[in-house]
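Some structures are shown below for you to check.
Consider the two complexes below, in which chain A is the common component and chain B and chain C are the respective partners.
Here is the complex of A and B:
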C-alpha cells in the first residue's frame, strides 16, 4: 500500500527487510528516528535486540560484537558520532566483520549545526580510520532508495565481510515521500559466516593469518591478506555499480552530484548532463570516465567544500569546477548562482 | 504541480499541519514530498516545511518559490511565494488572525494552526470529509481539531472583517480529474 514514509523510517525498514536483528546506537540529530524505531520494534519483536549505548564508541563496538555472535547488526548516527566510530570501523575491517553503519549527515565540524543538512562526511567514510581499507558506501537520494540501499548495504556487508556505510543527510533523512514499501523488491544475502563459537576461534585487531592468529611481523602474510580483501571488495563493489547518468548532447558541461543535492539540481537536466553515483565508494572510476567523455567542463555540486570534487579530479585527471553549498542551505537558486559565477563569469 | 511552504517556529504545529496536508494529498493518490528545515531548538526557533504535490514523481523536494506560503511566524528568512497567507502583521498579502480565532472559536490559541490548515486546504482546492480528516489529525483534541479545520476551510472575507485581503484568485497549473478533490482555488 502506498503511504507517506520518511527517509529515516525507510532505512530502518530496509534493514529489517534485510534481516537485521540487532541495533545499538546513541541518539543524535538528524538520525534519531532510526534509533527510536529500533527501540519500538524491539519492544514488539523479541527476536530483535536493541541497546541504547552510553556513546557512539560503545554502539559501534556493540554492533561488531553482535555480528561476531551471528546477528545482522547496524547502528545510525551523524557526523560527530561517526567520528567516534572510526576506531571500531577500522577494527571491523581488520577482523572482517559484516555490519552496517548509517550516517545521516549534518553541518560540522563537531556539533556544528545539528539539524542542518550537509555532505561533509564524504572523505571520512573512506579515510576516517587508520590503515588501508576499501569501504563500500551507498548514498540514496529518495525515500525509496533509502529502503533499497539500506537492504543492499546488509547484503554487501555479508559479501564483503566488512562494515558498510549508508550515507544520508538531514534533508533525505527527514524527507517524506509516497512509496509502497512492500512493492520494492530487494535481494537479501543470508548470513555468511558462522557465529562465534562455531567457526573461527580467534578475533584480533592485529594483523593475522586465516585462522585469526596474530602475525604481527610477517609482511608476506599481511600483503596476501590485504590483497585478498581488496580483491573481494572490488568484486562486491562491481555487483553494486549503481549510478544515474542523464546524457545531454546539447551541452559541454557535466554536473556531478549525489544525495539531496542531486534531487535539488534535477530540474537542470534540460541544460546540463547529470551524473550521480549511488554506490559512492569505491569510486566508480571506469563509469565516471565513460560518462565524462565528451564533456569539456566537469562541475561537482555538493554540500561540502569540495570533498568529492577533489576525488573526481584525481580520478579523471582533469580540472574540476567546485560548487560548494554550505551552511545547511541547499537549494536550486544557490546551485544556479554557483553555476552562473563559475561557468559564465569565470569566478574561481 | 503545487508547491507549499509552511513557516513557523518550534511548537506552533508546522509539522502537524504540513504532515496532515501531505497525508491528505497522498491519500488522494498524489505524489507528495514533504521536507523539514528547522533549527535545533525545540521551542521558538525556525521551523519550515516544504511540501510539493503532483501527479508525476517529484524531482526537487526543496521549494524555491512556492505557490502558497503559510507564515505563522517571522523566524525564517528568504522564503518566496506567489501568495502568502499569514498571521496578522507578518505579511501584506492575506492576513488572518489565526491565533485570535483559535481562542475565540475553540478556546485555545493553538487551534489557530488547524484553522490555518483549513485555509490551506481551501487554497489548494482540497475538500475532504470529517472521516478523512479524523484519519490524519492528532488523536488529542481530535473533535476540536476537525471543527477548527472545517472552520478554517470555510473562512470568508466577510467573516474576518479586517485582515483577509486576497489579492487575486490563483490557479494551479493542473485541474483535478476528480471533481471536488483537487482543483482551482476556491473562492475566498
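Here is the complex of A and C:
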C-alpha cells in the first residue's frame, strides 16, 4: 500500500525487513524517531529487544554484545553520538562483528547547530576510529532508498562481518515521501556466526590469530589478518557498487554529490553531468574514474568543507573544484551561486 | 573437574607470579563446576586490564571487550539470550573508573548478571597508577606524594537501588570468596562481588611488601567477617549485603 513514510521510519522498517531484532540507542536529534519506533516495536513484539542506553558508548557496545549473542542489532545516532561510538566501531572491526550504525548527520563540530542538516561526518565515517579498517557505508537520498539500504546494510554486515554504517542527514531523515514499502524487494542474508553459549571461542579486541589467541607482538599474524579482512571487504563492497550516473555530452563538467545535496541539485541534470555514490565507502575507484573520463572539470558539491572532495581528488589524481554548502543551508540557489563563482568567475 | 573449565593449553597465563587474578579464576572455575556451568550455558565477559585476560583462559565462549565496556556488552547478551549465565570479570579501574557510568546504570537497571571485580586498588597493567579504588595517601607512580582523593564507595554505589547484591571478600579468604561467587551466580539480578586482591608487581612492592604471600597475610590480618545479618559492611569487613 502506498503511504507517506518518513526517511527515519523507512530506515527502521528496512532494518526490520532485514531481520533486525535488537536496538540500543541514546536519544539525539535528528535520529530519535528511529529509537522511538524501536521502543514501540519492542513493546508490541517480545522477540524484539530494546535498550535505551545511558550514553552512546553503551549503545554501541550493546549492539556488539547483542550481535555476539546472535541478534541482528543496530543503533541510530547523530554527529556527537557517532563520535562516541567510534571506539566501538574500531572494536567491531578488530573482532569482526556484524552490526549496523545509522548516523543522521547534523551541523558540527560538537553540539553544533542542532539540528540543521549537514554531511560533516564523511571523513569520520571512514577514518574515525583508531587503526586501519575498511568500513562499508551507504548514503541513501530518498525514503525508498532509506528502506532499501538499511536492509542492505544488514546483509553487507553479515557478509563482511563488520559494523556497516548508514549515513543520512537531517533532511533525508525527516523527508516524507509516498512509497509502497511492501513492494520494495530486498535481499536478506541470514546470520552466520553461532551465538555465545555454543563454543569455547575468545572474542578479543587484541590482535589475534585464527583461534582467537592474542598475538600482540607478531607482525606477520597481524598483516595476514589485515589483508584477509581487507580482501573480504573489497569483495563485499563490489557486490554493492551502487551509484547513479547521468551522462551529459553537452558539458565539460561533472558534478559529484550524494545524499540530500544530490536531491537538491537534481534539476542541474540538463546543464551538467551528475555522479552520485550510494555505497559511499569504500571509495568508488574504477567507477568514479570511468564516469569522470571525458569531463574536464570535476566539481564536488557537499554540505561540508570539502571532506569528500579531497578523497575524490586523491582517487582521480586530478584537481577537484569544491563547493561547500555550510551552516545547514542546502538549496539550489546556493549550489548555482557556487557554480557560477567557481566555474564562470574562477574564484578560489 | 574444575580444570576442564580452564584452557590449560594457553597456560602459562600472562599474569605475574603471585598475582591475585589466578586465584579468582580458580574459585570461579570451581563454582562453575559445582553448578554445572559450562560452554553450553555460560559465557564470560571481561574488560581491559590484567583481569580482562581471564576470559581467554576459560573453556567457555569469552569476550574481551573494550576498556570499561563489559557491562553494556553483558547486558545485551543477557537480554538476547536469557537462558545464558552471563558472568563479568574485570578490574576496579575498568568497572569503577572508565566504566563507572555503566556500573551505576547497570546496578539501577538490575539485569541478571554476576560481576566479579578484581579490586587490587591500582592500574596494574599500565604500570601502577592510582585508580578509583586506591586508598587516600597511597603512593603510586601517578600519585608520588600519595593519592589525593578518597576511593569510590562501591558498596553504596551498588546499594543505591531498591534491589541489590553486594559482596566483599578477599583472595586470602578462599572459602569465603568461593561462597560469595556461588551466591552471586545464584542471585537473580545484578550481583557485584568486590574482591580485594594483590598486585604484587606494580603496587605491593612499592608499598613495602616483599611478596604476594605477605600481601595475603596482610589481608588475613586486616579483613574480618561482618557480623551475621549486617546490613552494611564496615571498612575491612567481608560479607554479603543484599536486598531482593
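By definition in this document, the second predicted complex is superposed on the first by the 346 of 348 C-alpha atoms of A that agree within 3 Å, B and C clash if a C-alpha of one lies under 4 Å from a C-alpha of the other, contacts with A are read in each partner's own complex, and residues count from 1 in each chain.
FYI, a contact is a pair of C-beta atoms (placed from the backbone, for glycine too) under 8 Å apart; a residue touches a chain by one contact, two chains touch by 3 or more.
Keep in mind the model is a prediction, meaning the values are calculated, not measured.
Undergrad: Assess the superposed three-chain arrangement around chain A: do chain B and chain C clash, or do they fit?
TA: Aligned through their shared chain, the two binders fit side by side on chain A.
Undergrad: Looking at A:333 after the superposition, I want to know if it touches chain B, chain C, both of them or none. Which is it: first, second, both, neither?
TA: The answer is first: A:333 touches chain B but not chain C.
Undergrad: In the overlaid three-chain picture, which partner chain does A:248 touch, first (chain B) or second (chain C), both, or neither?
TA: Neither: A:248 stays clear of chain B and chain C.
Undergrad: Quick one: name whichever of chain B and chain C touches more residues of chain A.
TA: In the superposed model, C touches more residues of chain A.
Undergrad: Looking at A:3, would you say it contacts chain B, chain C, both, or neither? Reply first, second, both or neither.
TA: Touch partner of A:3: chain B, not chain C.
Undergrad: Which angle, as a multiple of 10 degrees, do chain B and chain C span at the CA centre of chain A?
TA: Apex at chain A; the opening toward chain B and chain C is 120 degrees.
Undergrad: Between chain B and chain C, what is the tightest CA to CA spacing in Å in the combined model?
TA: Here the least C-alpha separation of chain B and chain C stands at 27 Å.
Undergrad: Which positions of chain A touch chain C when the two form their complex?
TA: Listed in rising order, the residues are 21-22, 24, 49, 51, 53-55, 57-59, 61-66, 68-71, 73, 87-88, 91, 195-206, 212-214.
Undergrad: Considering only the defined contacts, which chain B positions touch chain A in the complex?
TA: Touching chain A: residues 19, 22-23, 26, 30-40, 58-62, 64 of chain B.
Undergrad: Using the touch rule from the top, collect the residues of chain A that touch chain B in their complex.
TA: 2-4, 29, 113-115, 171, 174-178, 260, 263-267, 328, 330-333
Undergrad: Which residues, counting only chain C, touch chain A once they are in their complex?
TA: 7, 10, 39-43, 45, 48, 53, 55-56, 59-66, 68-69, 71-77, 79-81, 83-84, 101-102, 104-105
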